[in-house]
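Following are the structures in question.
Across the two complexes that follow, subunit A remains constant while its partner is subunit B and subsequently subunit C.
On to the complex of A and B.
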């Protein structure tokens, strides 16, 4: 798994590539929690190049979301691939995360 | 006659091989033999010492003695921090290890003489450390010992650098000689082997303790699941198959009788794996049993469970489906919380039951709902966790939900179709490591 972060004027983008599973999610957790620590108002997660996500990866986003909600921050998912969307649909995570088709849509809303 | 010829030839060869050596050279050879004998003797002691602290203590004492040195120090290489750590040193008659343990001295690779030796993996003999620019002068202040001359040798094992061994200040000479360095290097080969053996031993003891802990956790976890994986009540036959990916898993199933004439069946999957998932699963099972007593409505049980799990650590959550079946009528009510659809197998086909579902439990405040259906004779409900269709083969491909459904459609008429599914998933994996737990529960209405 590869993680890239990019800072924009009023949001940050976390781009992830590869498989997010129990072995790679600790690194993702470090990235997400470092943003939570800085009280970043909006984090957009770009999932375009994610091949698979397991429940430990989802839990990492859930933890970040819960912590961000405490300071009224927003966690947005963008460019979710079909395979990952299937997992999100099965798990009804569309009721948990805000999901957007593109990074622009996520940034605008 | 032949014998005489032979003897004469040997005598002539002996005469030819005779060499005259000086008394000084003989003394040197004798000393080398003595020193090597001492090293062999000491080696047998250290190679049988597996306790690391004791081993280092013996090694330093013996090194000091063999090398006739005032002090000895062993610096360990810490791979994680890429530093040398000086934990033990013996100076004079005093063991200062306790003092140094409280205040560990660390050196970067390349820093000081020890750091140079670790970086270049070459031994050094230094007659006067103050004339050597690599010498780290603060080292003398740190351990209250004045180093004047030294030999430093890298300790290298099969897995790379182990540390650096140093002897300081020759007792009987002004400084160490190249001969001393050769002897110390020979001794350091034995020290490296002994340190490596001791580390392997410590690691194997720790692994064994961990393995035993997991065995106990595995037995304890099984005790949370129903005693028997199959039972029959009225027209309902329930059977469960659970295969954890590791010794302990995060999948849950449970059967209970919330009110007379009804059977409650819970199938769930805790996020994550390993010990944290297993502990969380134990808490959920205990909460579920308590909160489902006397309650026939699955959505009410989920609302209560969700509230109790709202402060779950590290974003942990539970996906689950909970069925309450009337064993007299076949009517059942089901609630889902982010769990994969269940399959309804009838005489005419297989339906994917993607019923209205709430998010997984433990994430958000949510009002869960339920759906009601009635089973007909011969119908089966197949409830599974995502480990079944997320099974991975050696090429990294995953089975997929659709492929699993196709298999169930083709084999639904078999009496043993649950076992056939398990075999199918395991054949697909074809020896690849299981990435997730597998749980399948069948509710059969007869």
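On to the complex of A and C.
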């Protein structure tokens, strides 16, 4: 798994590529929690190149979301691949995360 | 597929990718569709992650053996370890409506397989038996 972060004027983008599993999710958790620690107002997670996500990856996003909501931050998911979306739907997380078709839509909303 | 396919991995999370690849291919070879094979891959990954977390308490120096079998009626996966005894009822689980980190793995396992059970005859360690029926009528009967 590869993680890139990009800082914009009023939001940050976390782009993830590869597979998110029990092996790689601790690195993702470190990235997400570092943003929580800085109270970043809006984080957009670009999932376009994610090939797989397991329950530990989902748990990482849920944990980050809960911590961000505590300071009224926003966690947005963008460009979610079909298979990852199926997993979000099954886990009923499609109703919890703000999901956007593009980074532009996520940034504008 | 020539039966069975057996792989053994060290109980380190970095080897879960090997199990996922094997599970996907084995499911495809035995004739399951793409979506079903993806569900199988995900379920086997979650089950092996549970072995590392619960049976081996994150000790990465142990072994996990995964066996894939194709029968006329079903696709079966057996996951064996030599760790602490596990019971399905002890594995952390949450309602899907309850949004909190953790507790989802068993849902993915039950989504992919019609029968999920530990072999009570195994004395030391665990043997998880997973069965997916190919015929939906048999699957309905198993419920």
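FYI, the second predicted complex is superposed on the first by the 109 of 109 C-alpha atoms of A that agree within 3 Å, B and C clash if a C-alpha of one lies under 4 Å from a C-alpha of the other, contacts with A are read in each partner's own complex, and residues count from 1 in each chain.
Note that in this section a residue touches a chain if its C-beta (ideal position, glycine included) is under 8 Å from a C-beta of that chain, and two chains touch if they have at least 3 such contacts.
If you're wondering where the values come from, they're calculated on a predicted model, not measured in any experiment.
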Checklist entry - Mind checking subunit B and subunit C on superposed subunit A, clash or fit? => result clash
Next on the checklist: One more residue to check, A:102. First (subunit B), second (subunit C), both or neither?
Outcome noted: neither
Next on the checklist: Contacts for A:54 in the overlay, against subunit B (first) and subunit C (second): which applies, first, second, both or neither?
Outcome noted: both
Checklist entry - Who does A:23 touch here: subunit B (first), subunit C (second), both, or neither? => result second
Next on the checklist: Is A:62 touching anything from subunit B or subunit C once the two structures are fitted on A? First, second, both or neither.
Outcome noted: both
Item to check | Touched partner set for A:39, first subunit B, second subunit C, both or neither | outcome: neither
Checklist outcome for this item: Residue overlap on subunit A between the subunit B interface and the subunit C interface 21-22, 52, 54-56, 58-60, 62-63, 66, 87, 90-93, 96
Checklist outcome for this item: Per the touch rule, the subunit B residues reaching subunit A in their complex are 250, 269-274, 314-317, 319, 336-341, 357-360, 363-364, 366, 386, 390, 398, 401, 435-436
Next on the checklist: Show me the residue ranges of subunit A that touch subunit B in the complex, using the header's touch definition.
Outcome noted: 21-22, 29, 52, 54-56, 58-66, 86-87, 90-93, 95-96
Checklist entry - What does subunit A use to touch subunit C in their complex? => result 19, 21-23, 52, 54-56, 58-60, 62-63, 66, 83, 87, 90-93, 96
Checklist entry - Which positions of subunit C touch subunit A when the two form their complex? => result 12-14, 16-17, 20, 38, 42, 45-46, 49, 52-53, 96-97, 99-105, 107-108, 111
